[in-house]
Amino acid sequence: MMSGNQLGVLFSLTTFGEAHGNAVGGIIDGCPANLNVDYELIEKKIKARQTANFTFNSQRKEPDKVEFLSGINKDKTNGFPIAFIIKNKDVNLSHYIENQDVLKPSHAHYTYWKKYGTDNALGSGRASARETIARVVGGCFAMMLLRQLGIEIYCFTSQIGNIKTRKIKKPNRNIIQSNPLYCPCTTTYEKMMDYLQQIQSKKDTIGAKVSCIVENVPIGMGEPVFDKLNADLAKAMLSIPAAKGIEFGSGFTAVSMKGTKHNDIYNTNFQTKNNYSGGIQGGISNGEDIRFSIAFKPIPSIMQDQQSIDTKGNNKIYKAGGRHDVCVVPRVIPIVEAMTALVLADHLLRFNAYKNTIV
Amino acid sequence: MMSGNQLGVLFSLTTFGEAHGNAVGGIIDGCPANLNVDYELIEKKIKARQTANFTFNSQRKEPDKVEFLSGINKDKTNGFPIAFIIKNKDVNLSHYIENQDVLKPSHAHYTYWKKYGTDNALGSGRASARETIARVVGGCFAMMLLRQLGIEIYCFTSQIGNIKTRKIKKPNRNIIQSNPLYCPCTTTYEKMMDYLQQIQSKKDTIGAKVSCIVENVPIGMGEPVFDKLNADLAKAMLSIPAAKGIEFGSGFTAVSMKGTKHNDIYNTNFQTKNNYSGGIQGGISNGEDIRFSIAFKPIPSIMQDQQSIDTKGNNKIYKAGGRHDVCVVPRVIPIVEAMTALVLADHLLRFNAYKNTIV
Amino acid sequence: MMSGNQLGVLFSLTTFGEAHGNAVGGIIDGCPANLNVDYELIEKKIKARQTANFTFNSQRKEPDKVEFLSGINKDKTNGFPIAFIIKNKDVNLSHYIENQDVLKPSHAHYTYWKKYGTDNALGSGRASARETIARVVGGCFAMMLLRQLGIEIYCFTSQIGNIKTRKIKKPNRNIIQSNPLYCPCTTTYEKMMDYLQQIQSKKDTIGAKVSCIVENVPIGMGEPVFDKLNADLAKAMLSIPAAKGIEFGSGFTAVSMKGTKHNDIYNTNFQTKNNYSGGIQGGISNGEDIRFSIAFKPIPSIMQDQQSIDTKGNNKIYKAGGRHDVCVVPRVIPIVEAMTALVLADHLLRFNAYKNTIV
Amino acid sequence: MMSGNQLGVLFSLTTFGEAHGNAVGGIIDGCPANLNVDYELIEKKIKARQTANFTFNSQRKEPDKVEFLSGINKDKTNGFPIAFIIKNKDVNLSHYIENQDVLKPSHAHYTYWKKYGTDNALGSGRASARETIARVVGGCFAMMLLRQLGIEIYCFTSQIGNIKTRKIKKPNRNIIQSNPLYCPCTTTYEKMMDYLQQIQSKKDTIGAKVSCIVENVPIGMGEPVFDKLNADLAKAMLSIPAAKGIEFGSGFTAVSMKGTKHNDIYNTNFQTKNNYSGGIQGGISNGEDIRFSIAFKPIPSIMQDQQSIDTKGNNKIYKAGGRHDVCVVPRVIPIVEAMTALVLADHLLRFNAYKNTIV
């Protein structure tokens, strides 16, 4: 499928559904048969995406419920496409109806209108973060596959506004999971919470940086020269709403580094002392931890009226309404994990394809 | 094709060739018939990729020559696959032969060995920057198509080491093209040159940041939710050797920005005052300039001996040899342009597919 | 997606669902925005696939009901993925449970077991004709697109057992639609009905040949050298359960024809006197009617006990059970139409992609 | 790549080149590393495609020579794209130049003109059988992979005009290879030769049926519901110039068969007594021989003047010229083998992708 609603070659996810339609959902295809379906994992990740666990974020009371339509038999995958739906609750559209011909700043309303032809705000319902729930479900199946090989993905908040966590080689997973911001440092977590409260009280929003570490990746995953592992991860991450950039290993700091410093020197176990490469060399995993970070912009939905125009080009006020998150963190965390898992599961199968071929 | 050597859905480039093989080249498929082939453009871009135009970079004397095998008739494309080859000159392999079982730090030698099974250094010849010449040729055909719509791509060096160009809304293309570093500011150019000379005298290398601006992009290009224009550009850029990160519009600075500041406000011409979005909203071009920057690491080939190990895990010295660039800039500039053009040409055709369908 | 449950490049259908699962359905992606959804067409085609309209075929009383989850807004497509489901009714599984470890002759039980690992008969539920309902729904959307250009598809029964319809240049569509077998000749229809009754009374099944004509196809559809229009149609048709062969235009009779006879001579309107080519030359539509026929085997589910083996290789009797059709005709007719429409809609969009590119 | 010049998902072939251009060739991608390159096989198959070994067919004196540009190191594949070219010899274009604005009956001239815009006969050079040489080379690499598993493909001529070989369960490969028509029966071979001589003396051409058997196919290859093994084979075969139809196992005779007769009954070794299924059940190989036949039309290039029109629609005579084959057989035989090998190699890798995944 080349219409943009699908990711992956062998292990693929296709999503469907608009924010204000009947349901969102997807089809996971290419998932191997005989995997135990871990419903708890799915529920946990869905919940992590849904609620902020703290008062700053928009909360929806009822939990989203995933309904599986196919691909599972007696709690195991059967090798066939796994279709699932999550019904949309009765959404209060009153805010949208009021604003429907005023362009929301830094939002997809305008581009969706021009591309698909629906000029009111509901026309960009596909661009809503609502769609990402399907990614989380797809990602859970990818994780079920990956963890059979011991591959572990974990994500954390490395920066909100100007508050950064210290650079640590190996963030403590227990700390990450112990606080609602997935922050690997307790003191920083508290600063971040204070800051978010400030931002919220000013009816504003703030950007964030999320980091991801993947452990126990087998050597050899990635398909140069175009489907490099970092290239495919970059695509997947930049497809997340609000993502503005990605960096691997040393990332943008590499710009001011010298080769003598940046080169990853091997020890006699074929491991590198530093990991500026972020676990990927020449587009292929080298057995070190894969490391990357993603920049997210401040959420464009703010609780203040904004100057804008309507679809005819007249100056208009875009009126504040609804209830919105202060920051993509923490709800974006399970989405980043899911996208990472989807890319790795696909590359794992592509890698496997060549394993048995040669004597 | 899903083996990683191909980019694009409708307008595609497949490349082949290893650094030490007979030839490199590629097939451009899906290029519309009847385009005038601009041989001068190809020659110019090939030359830009090949020579540094200044003394710091490795220079190859003879120009690379592109031979077209198909797809062109009377200097016009005929709608069929455009195959081309560039023969490799007699490469001096003496350096490689000497070092062939010692792993080159921060290089693809190790991962290629583990993935494809050839344990000597020549086994990673596909990972060499030599392959990128095919991307430059492919990109030229994409540019020929894009400029029919007035779409213009230009790239410049925005940072080397810690030397940055000032933020300018619209860099001057004449200045960019007047200096060998594609720097948009004459004073900064001179500082960069001095710095590169220092780095070279220390037999070291340095990272760089390259920025790209695309003008006159029609509104509506990009295929959400996965094949967003920024997502596909991110993939293409991260597939360039030495790329460590990418950011669009505000990029990583968005992390510390507030929504009230970051939101792009429309004027009554449907243009935005700022362009923190980098010309893309919801994965679709919005008619503003597309803007992104790429971080490149320092070239791992340095002119100093380095501590390493051999393929058996014994400590060994990787001996300096060959002649290497000090920085990916300026030779990476035409490669970034080419990859940008390839992604845009592909999305242009995908966009066109839907234009004629509805009454 | 490369896992086999998807067809099409730009206009694509992905199906999901097993015969004995909760639901079957699919996602139509790449359908242009703003098409009026013709629910009556969908209902009509669903019904045609479901009931035989005559007493010989297995009849399910309740009509299948299609539920749309996304991609439609105010009865028009909105450009987003169109997801739909059809719930499976309470199927009487008693027959399957009884026979579950006995291999059903000429059925997918054995190959599905070996490929996906489920050794009982329910493991091949994906191979059931139940899945084809999703194709019919997908095909309806393709038809809605095609008929905007006046493209018309119609299928008819050209042979059952040894009873053939006369070769007619242009079958009468009214006659085809006036009888439950879609036979273009009233006398032949009666013979076919008598014959089917005989076959049924002997608790046997019989093969059939179905022919398809597509009118008003624009010149230029098809993408040589591999994605020729006939090649893609052949793939689509052979993916229909029970299909054993396909032929275009003169088909297998061409084997015994001479070039002087077979060559299609042009008249001065660029039309051909004969159409042995079946409307496709060099893989591209030439403006004549596209014509092809498909051979279907007798349905392997017969109402007699059959000699077989169980999954351990012991001789066993596969016991007759359930209620089965005597012949794939007429229920396969809307499936053939749908697959034809899907291929043509995809090629139409691919064709369109190149229309606007060149001055 | 979705522009039609590529076949295969993991093991893919992309071809390029027009009949009257500089060269034809291709890129084989996804071929596993470490395969011994069997140059003799390539030479043998190239020669089989090129010469008829008997006086009836057009003969080109100089053998085609394949030049490899990449993907091979020390006579082994290295896992990278294998690019190859075959230079076109100085073709005598005088015949084409004379006829260039007259449409050749049953030829791609008209459709290529309408699709790609070149109105003279050279514009359809891509449609020439010349391109198939690249398929033969690609197919050889697929065979090198397949025979590691013992998979063997062989093709034979089963019918020319009305002269048919007897139905034999297992044609004798020695006989097939002992005569220039690849006929499995010596007496029939002689009749066919006589008949071809007659046809040639009348300056006419004749159709043919070619059959293919694949032995030792592992159980489980094929990806339902759309990428069924038979569906992908059908596509590949119908992409061969002059192919008009394909049938698997019982094929079109199944139309007049009853279920009680057609059903393949298992013996206790999980093999079937008959093989009406042609080795494929539900789109997946079942371990029996894969069997299919392809109908080819008479070659449209005949040595007689033909009534036609020019590109302006005026009545004109298309003048006989050049030297042409009497029948696609025997030169099409290695092409059918190659296409079969390409499809199977691709499905083998897709099959392998799932082998290592589950405990």
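We call the chains A, B, C and D, going by the order they appear; numbering starts again at 1 in every chain.
In this text, a contact is a pair of C-beta atoms (placed from the backbone, for glycine too) under 8 Å apart; a residue touches a chain by one contact, two chains touch by 3 or more.
As the structure is a prediction and not an experimental result, all values here were calculated from the model.
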*Which other chains touch chain A while also touching chain B?*
C, D
*Selected interface, B-D versus A-D, where C-beta contact pairs are more numerous*: B-D
*Comparing centres built from CA atoms, which chain ends up most distant from chain D?*
A
*asked:* Taking the mean of the C-alpha atoms as each chain's centre, how many Å separate chain C from chain D?
replied: 26
*Measuring from the mean C-alpha position of chain A to the mean C-alpha position of chain D, what distance in angstrom results?*
46
*Which whole number of Å gives the spacing of the CA centres of chain B and chain D?*
39
*Mind pulling the chain D residues that touch 2 or more other chains?*
2-6, 9-10, 15, 33-34, 79, 115, 117, 126, 350, 358
*What does chain A use to touch chain C in their complex?*
1-6, 8-12, 14-18, 21-25, 27, 29-30, 33-34, 68-71, 73, 78-83, 85, 115-118, 122-123, 126
*How about chain D: which of its residues touch chain C in the complex?*
2-7, 9-10, 15, 103, 105-108, 110-112, 114-115, 117, 124, 126-127, 131, 159-162, 199, 204-209, 219-220, 222-228, 230-239, 241, 243-252, 254-270, 276-278, 280-286, 295-302, 304, 306-309, 313-315, 350, 358
*Over in the complex, which chain B residues touch chain C? Could you list them?*
2, 9-10, 32-35, 79, 145, 148, 348-350, 352-359
